[in-house]
């Protein structure tokens, strides 16, 4: 057997642990395993330059490291690959070329480590006849079929630490601190880190917020003698009127704001008279050494993917349904988004603890 | 409604988060909630001295703190309570006294936060007619009915960090490092932290180890050019011949060893000729601020316990079955021990990655 | 004796440790000590509302906490205090009012915990006859007369962790990561965290940078097969042509950039064709629990300030000249800025290690 | 020029940073640099097997790693080297052999990274005509001539974190926690971590303790309503009667205790009736990634050692005298031990804050 493995999209803590586990498990079965450089890019390059033979020496001691030894330079879409000719960029379909190269390498299966986008591409390749299994990677935890994706726990850890840190500054300076975290479609990072970090307001894409309700919460706290508040906002949180990211700076003038966090801080400052400051955690959430839980999850994902291949259960994603791993069809995984259910007890817990979601 | 809440047994990170959540949730319902000092001890004391009225001010800002504001001084067993008279200690049954005091306080329900021992006591009180619900607390994660107890994630975090730290020393000094972690009946902490921290050998109570197999693993590594090894041993790990904790120090002399870790290190040093050192993590695993996951779990436990009381589902423990919380009968929870299943995929993962459990 | 103590300006980790130490040391001498709320603001308020009697109970267990129990809400300048009347804001001199209140409280001395601005104000009050000593607080470490200010070590710690975290993302994605840290006039945080975190380029106010040299460094690395770079930029770093914070976004259009980090990232991306991303650490550097070194430094500062008062060495700042503390005249401290000396061996070390400062 | 570099003795965080800096600085000057494996052992081995050519690739990305890429397996003393013949071990002087090999390799200078023992050996080699400079390595910070050694800051960091963690457990359980830290001859780690971590009692080798005074402190705290205490004990702390490490366990029986921490905990428990527990930090203090300050210090040490060699200032140790580095004769450095001065302001600070040293 000869396995290929690639990783696509943004960074997520645990990638190297997945690669480590898949490699060691494959080698133990006496199989050969090869990494593809930069998504599918390595399959478009001539010779061996786009391939990384995975050996025990190559993956030794990488499980606790951030990043990925395979690289994930932006590749573009295999079905709509950007090509620049004569100064103009257009897209072409290179999927057949990739499939051809897959066969040329006498590969028996591909392990795709990726998020929503990578799963959609994998689904199409699988339909074209490429035997593959997927491993769910996204710090946003918004993939269906699995309770958790790897990278999420680390992101929550980073965000919780940051929120915890900012508490005392907020309190000493009687300020509102707005912490912008990742989460375009799902509010998991904001919800978990806000709950763990002791936020007063959490804004998530699943619940439209109204600025009035944020201000109401801040005022309620002031009335009970607490002169500071912590707002945690997922980057994808929405207000009913939409999120125009501009600030009026004078007669007819306006300044473009960096993001939702900055906008909310400015609005709070303007309307409440309180000092408000923003911190945007950005790439810090993706980067660095995975937490113990992300390491364990990643190692299990990698090992189980090899197991699924041994059982020829292609077209599936490894899904974590505590306490065990199981196979979940990629075709189903790409049909939905794992958003925070409005009736989940974790949301109830947050509301019971007095956290406002800006909706009431 | 008037709730009582107590905590029993050893420390576990998240206790204050549970108390915080239960208090805020109860107050929000307009209920009264009172903490009992030091397990059931506070109910044996006269007047108000053993009681801590729980108010919003009292629990503000405690969710991220280690320890418990209620205290958990060793109380002894309410059904076999140690009493010292005339210099002699014997035990008496004070359970009726406690039940009487419960009624005297016009309490409607008790929230018991505790491990196996506390659950057994709670079960008996419940059978005597005391309305109560329990919250599973143990860093060992060995309680039945719930996927996870609070305190466990923090313990794994501390152990993983320590193991990670010791890697480079082991490597530079060509040493075997033996890290002893908690886990008398179940090897969860050893398994999780050993997997996340990159151990070469993990010893758990569920799998009898043979020193020969540990030595074999160390030698295998040496043959492939790796001159160090990391052994993670749960304190309750067992070898077939039993664990006599003595070291021969000369003709007929022997030195009593501090624990399993020290014993194994000495045996490895004696039989392999390699330097071996021990680190016993002990109370560091119990102490300190809970991880983000333990905070979230604890907050959910506390809130859900109040919800169970509102629904009069007494005699139950709050159990975490991802993604949701549910009620699980205490009577069932105390019938077993949640040990590591020998067919769990996490154990398979560890074996696939080449980790030895000392059994082969 | 009756001491007053206040804190002014931005947050710095260690404030509460200073207050803890000064209070305990004063109480031990049998003195009385009172905190002034929000800089000098508390002395302008009637009655006791602006005062916080400092007792052993009040300061117990605060040494490791971030923030300040005295508050540091923006107060404005006592010699040019903003007052709003009839909708218009102008400034008045309230210094005599403050001095009067100081005498009215029968205070014998004031401990001022602050940075450059607070020291200038303290100097004027001292010249007006107020007995006081100062403690140097600034995360930028830019105060003269002391080798280190408190808050600096914590800021470096936060920045180093962040830079370390971003390495693997930068490497996996073949990116340039630009980390913007604090430091308006002095580059200490950038220099220390850049050196400790393994930056490739460090930009500091003391050394004018030229974008060409940054690009040169990035290219040199690419030539030797390393496709990523880390740039650490102090917010006050300057290029010769000045720092216009605008980005051209099309014909005649431009977008205002959030800060220096964003500007440099954009310029690098535009001119090198490499992906570049920014992280602005902002308030994370000021906030949170002080490092062990900041705790020790703060405790020593607080204790020594009380000692200086006992010796009636007014008009001095406590200065750390390892291994000992000493008195340093405030009048001298405010005359200069402690910038990174261009001949310091730490700068030489950085250059020897191949770090570019953008000047050559 | 051809430099050799070796490291001797126990692990200390920062070793790889020193090696990184010395290598890069030497290569930049166009010099050749070679690591000796396992102290001087590598010079006794034939051929190239004991030598590690240091290149830019070899030292890339190691500055933040614990351990040492050169290895420091126990070597024994070059002037009294253990040799086993016919089952008997005796010692021989291999120093001339080492000096001969040094010349054979056409080495121009040696960089010795080590503590007190390594410096004494270096001194003798220097007197025999070997050109060398030394870099002060010891986590105990007990070397003369330099304000700080590398490895110390990391050890204090680990110890402070552990002490901080144990606070809440101690408080909840009304316990005395005894934390044993390293420091055979000097109490720096105990003093710094005890001060930063909020210890109530600190025991250091410089000040003989009396158990009575420890018990007095614990009782004082109980009288003021605080039912727990934290004792930090340097392993080399001494009581007047000496430290017999036995515990009576019955009629004529006794149990050997693991160390000073265990002894003190047992004595406190026996004499105060309070529960007492021990944590021995041991190797955790030596191991792992260096703190930002240890990284910076190590990088400066390594660079400056190369500078001293360029200036032919042999026989010197690099010494840190803030803010600069300087040369300090090894002959002077080995004449004393840098213990905590009894009149240092840091000791005064600790006493002012109410910390007991067991002497009064």
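By written order: A, B, C and D. Residues from 1 in each chain.
Here is the rule we go by: a contact is a pair of C-beta atoms (placed from the backbone, for glycine too) under 8 Å apart; a residue touches a chain by one contact, two chains touch by 3 or more.
The shown structure was predicted, so the numbers you read here are calculated from the model rather than taken from an experiment.
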Shortest path length from chain A to chain D (each step joins two touching chains): 2
Centroid spacing, where centroids are CA-atom means, of chain B and chain C in whole angstrom: 42
Cα-centroid distance, chain C relative to chain D, in whole angstrom: 32
Set of chain B residues in contact with two or more other chains: 164
Chains grouped in pairs wherever the two touch, ordered by label: A-B, A-C, B-D, C-D
Of all residues in chain B, those that touch chain D in their complex: 10-11, 15, 65-74, 158, 162, 164-169, 171-174, 177, 255-256, 258, 262, 275, 277-280, 282-284, 286-289
Contacting residues of chain D [partner chain C, same complex]: 20-21, 24-25, 28, 61, 63-64, 147, 153, 156-157, 160, 164, 192-193, 195-198, 291-293, 295-296, 299-300, 303-304, 306-307, 321-325, 344-346, 348-349, 352-354
